[in-house]
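Some structures to go through are shown next.
Next, two complexes with chain A in common: one pairs it with chain B, the other with chain C.
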Partner chain A sequence: MRQWIVLAIAALVLSAIGFALGAYQTDVYRKLLLWITLALGYNFLFGISGQVAFSHFTFYGIGAYAIVILLFQVGLPLPLAVLVGIALCVVLALIVAIPATRLEGFYLALATLAFAQLFIVVLNEGGAVTGAAGGLANYRLPDVFGMRVTGPWYTVVIVLLLLSTWTILWRLDRSYFGRACRAVRDDPEAARAMGVNVAHTKIIAYTVTSALAGMAGMVYAFVDNTVNPLIFGLENVFLLLFMVIVGGSGRHAGAVVGAVLLYLLPLVLSPLIGHHHALVFGVFMVVVVLFQPKGLIGLWDMLRKRGGRA
Partner chain B sequence: MNDFLELLVGATASGCVYALVALSYLLITRPTGVINFAVGEWSMLAAFGGFVLLSRLSLPYPVGMVLVLGGMFLIGWATERLTVRPLLEKGAPALAPILALLGMLVVFREVVSLGFGPDPQPVPPSFGFGRLELGLIAGSYQSFFIIAVTLSVFALTWYFFERTLAGKSFEAVAIDRRAAALMGINLRRVTSLAFAGSAVVAGLAGVLVSPNVSAHYLMGLPLAIQGFTALVIGGVGRVEGALLGGLILAFAEQFTVRYAPVPPGLAMGVPLVLLIVFLLLKPTGLLRAREARP
Partner chain C sequence: MSAPLLVVRALSKSFGGLQAVADVDLDVYAGEILGVIGPNGAGKSTTFSMIAGALPPTSGTLMLDGESLLTLPTHAFARRGIMRTFQHNKPFVSMSLQDNVMVGMHTRLGGGLWRVLLNLGGAARTEQDAAHRANELIDFVGLGEWRDADVSSLSFGQGRLLEIARGLAAEPRLMLFDEPAAGLTPAECERLAVIIRQIAKRGIAVVLIEHDMRFLMALADRVVVLNFGRKIAQGTPAEVQRDAAVVSAYLGDVNVPDRNSMKAVGHA
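This part shows the complex of A and B:
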């Protein structure tokens, strides 16, 4: 019960912020919320399940392209397009995950990296269907029950997306499944000995987080009202990885902190160093891995513990 | 037929570059189990080294090459010293060094983009832009140079692993880390040397390929992907595997572009498809690793 109240308050506050912002801030705010959504999902995949996959942003792209193509080229109604889009993400995730779980260690990273690159190649060569290098543009969200969802109301949609993603992942993490994921991450052999089905756990974690990324992609498609190959390149999946690690991998709050920090940092830094904020990210990443493997949230825990003792 | 033979030389040359990058991965992965995604960025750094020394300062080719490779040795050594060794000594999870190196990938790339800007920079080929014809087989000087250098590197590596004590200690560490340490092999030195050697090989690939593609701060990632595709095809266990994998990949790539009726952009997907197919069907690669002999 308490959890639902907290969620409702969070939904109200986050939506209220959306109504108070100007055009530019709204854009920044919406993308920030989307990055947090993605980072939460990636944290479950990488931080909690321990799978080094570079395909998370690809599923974001698949979701975005799927909804646009299904709505405006196939001509499906919105609810059906959403369902078909999610089904597509699930099927693709299963196709990648089922054989990939047989791979040990960094082979999953290689396979998903290839998959991510292949997606970009397909987008660029997709002709009229994907709009090639220019992508797809000049569309807008169809009316829902005769209403146009625009402006701050669309921000509310993103807030709901974020909170439902959070709830799903939080519940999963607190269930048998979440503990199984952590067990598989820490020691697959021991987990198997305790009766955890390692392959199933990995496949489900990969599929669920990929489908969530796909959903976020569908919502994103109507933020800029354009999708193109550049948006879904490898750079952004690295950024996602950096967010999770810098924030504190394996922790939901860490993913949020990392996403907020690394998303807002370039905006703060750009007057100082122009477009070279990626250098700061790289240094951050190396420093965190070397000196603070639990990330910023681990630092916060340490401070709180010290404060509690004093 | 002429067309085919010309393509053969070009494809072999690109295959040799992939093979060098694959070898660069292998030198680190084999003894340490770490996959270094920054290998492609090492090639990129060396290409820019080539640009500064050979194009800007116009040093003679051999002098410039030796300086670049010496620099790469230091960079590889320093990378290991600063980012990998502290983690190994702390007993960090196996994933930590891989992530640290991924961070270094971005650091290397952004430092270069900060220093040289986003424009491609020219690097001269070893013997100018001439064409060599040996009977039916013809190709650019640079192609033949790449093939010759790569074959020598692989011969040297083979000799090192098979005939020298230091090389055998690498193989021993690869087969069983603990046992090797107990036999008195200095794990730290093997790891340092693995990274330094890997950086030299990656650097060589970078300088060799840059006359064709120009030095560019984004050239690293495609090379890295082609390199590990070659590695996966050939198998991570054997030095010859890297060469075999590189050649297979380059032939598949170039012959698809030339003869298959697909648009050239889609042909860029060939190595990726090949990688996925090999990972799924034959993740150990074509050549199997050597097991410990009783």
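This part shows the complex of A and C:
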């Protein structure tokens, strides 16, 4: 019950912000919410389940392309297109996960990196279906119950996406499944002795988080009303990884902090120092990894403990 | 006497040409403490791993309560009621003590992810009960004071106690201890012996693989002695200590078995 009240208040506040913003700010705000959504999912995959996978952003792209193709080329109605899009993400995630989660660390990273690259190749070679290098554009969200969902109302859709993603991951984390994921990450042999099916646990974590990324992608498709291969390239894959690490791997709050900071940092820095912002960004990353491996949220914990003692 | 809980017959394991365990028979009854001893390389650890499901036997049978365990994957052993501790503690280092113990309840907390996601059937309530039980187990093994400690800050002996609480969390029928006294101080050993006795009193069958003779002889109801991968004696601790084959296995004897098995032991 308390959880629902907190969620309702969060939904109201985050939506209200959407109604108060101008055009440019709305664009920044929506993308920030989407980055937080992605970082939450990737935190579960990388931070909690311990799978070093580079395919999370790819599923974001798959979701985005899928909804556009299903709506405007296949001609499905919106609810069906969403369901088919999710199903597609689940099937693709299983195809990647079943062989790949047998691999450990480095090899899983390589396999998912190859998958991410393959996706870009398919987009570029996809002809009219994917729009090749130019991508797909000139479409808009079909009416929902005869109403156009635009402007701040579409921001509300993104808020709901974020909060449902949060709720799903939060509940999974605080269940036997979340503990199994962490146990597998910490010590697979001991996890097995506790009755945890290690392969199943990894596959489910991978598939659930990939499907959530796909859903976020579907919502993203109507933010810019264009999808193209550049957006889903490797640069953003690594940005997502940095967000989770800087914020504090394995912590939901860490993912939020990391996403907010790393998404906004270039926006704040580039007007001040131009392209040198990449340098500041890089130095910041190195400093965090070297001196604060538990991320900014770990730093916050430390300060709070000290404050409590004093 | 009722039927044994665990029945092991002709259990064998060979690694290539090396016979690590050969034709071992064991019966373990509910509520008893069975000690398995033997000199280095006698096949104790291999036998333990097979009973724990971590290593598939080359041949032989393993039956728990009349059901074969042979084809089961490792993780299925916990669901059948077989839990273990590790000789070198294997805690989940990033998790709290309570969460460590709750991982032990994994097989008792299923019910599906939909139930968790939609909070059906009181999933939140189940979690609360589980957390409560985990705290009881932490108290039972005497770690109550360290409830909020970082798992990585526990001493080796405390880590061992955490492993026991984690194992008990699954409500096992058979609890396997892999050299539980190794690395413990004498005071910790005494405390451990008390806990193991209490576990057996709850009706749980206990199997101990142990190096430390003094610890085991004072604790076990029955002892099985392995040497060169074979069972050479069994009985009460007193009987085993008088057994000529056991004495020679530990102290050496002119009647050394054949050369091949000697070589095998060297590699085991």
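In this text, the second predicted complex is superposed on the first by the 307 of 310 C-alpha atoms of A that agree within 3 Å, B and C clash if a C-alpha of one lies under 4 Å from a C-alpha of the other, contacts with A are read in each partner's own complex, and residues count from 1 in each chain.
Note that a residue touches a chain if its C-beta (ideal position, glycine included) is under 8 Å from a C-beta of that chain, and two chains touch if they have at least 3 such contacts.
Predicted model, so just to flag it, every value in this text is computed and none were measured.
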item	value
Clash or fit, chain B versus chain C on superposed chain A	fit
Dominant contact partner of chain A by residue count, chain C or chain B	B
Touched partner set for A:A180, first chain B, second chain C, both or neither	second
Which of chain B and chain C A:M194 touches, first, second, both or neither	second
Which superposed partner A:G250 touches (first chain B, second chain C, both, neither)	second
Superposed arrangement, angle subtended at the Cα centre of chain A by chain B and chain C, nearest 10 degrees	80
Partner chain(s) touched by A:G282 [first = chain B, second = chain C, both, neither]	first
Which of chain B and chain C A:L234 touches, first, second, both or neither	first
Touching partner for A:R171 - first (chain B), second (chain C), both, neither	second
Chain B versus chain C as contact partner of A:I203, first or second or both or neither	neither
Chain B versus chain C - smallest C-alpha distance in the overlay, whole Å	11
Intersection of the chain A residues that touch chain B with those that touch chain C	none
Touching residues on chain A, where the partner in the complex is chain C	168, 171-172, 174-177, 179-180, 182-183, 185-187, 189-198, 204, 250
Residues of chain C that touch chain A when the two form their complex	52, 54, 73-79, 83-84, 86, 90-95, 99, 102-107, 109-110, 113, 116-117, 119, 123, 127, 166, 170
Of chain A, residues touching chain B in the complex	50, 52, 99-100, 102-107, 109-111, 113-115, 117-118, 121-122, 124-125, 234, 238, 241-242, 245, 276, 278-279, 281-286, 289-290, 293
Residues of chain B defined as touching chain A within the complex	33, 35, 83, 86-87, 92, 94-96, 98-100, 102-107, 109-111, 113-114, 221, 225, 228-229, 232, 263, 265-266, 268-269, 272-273, 275-276, 279-280, 283
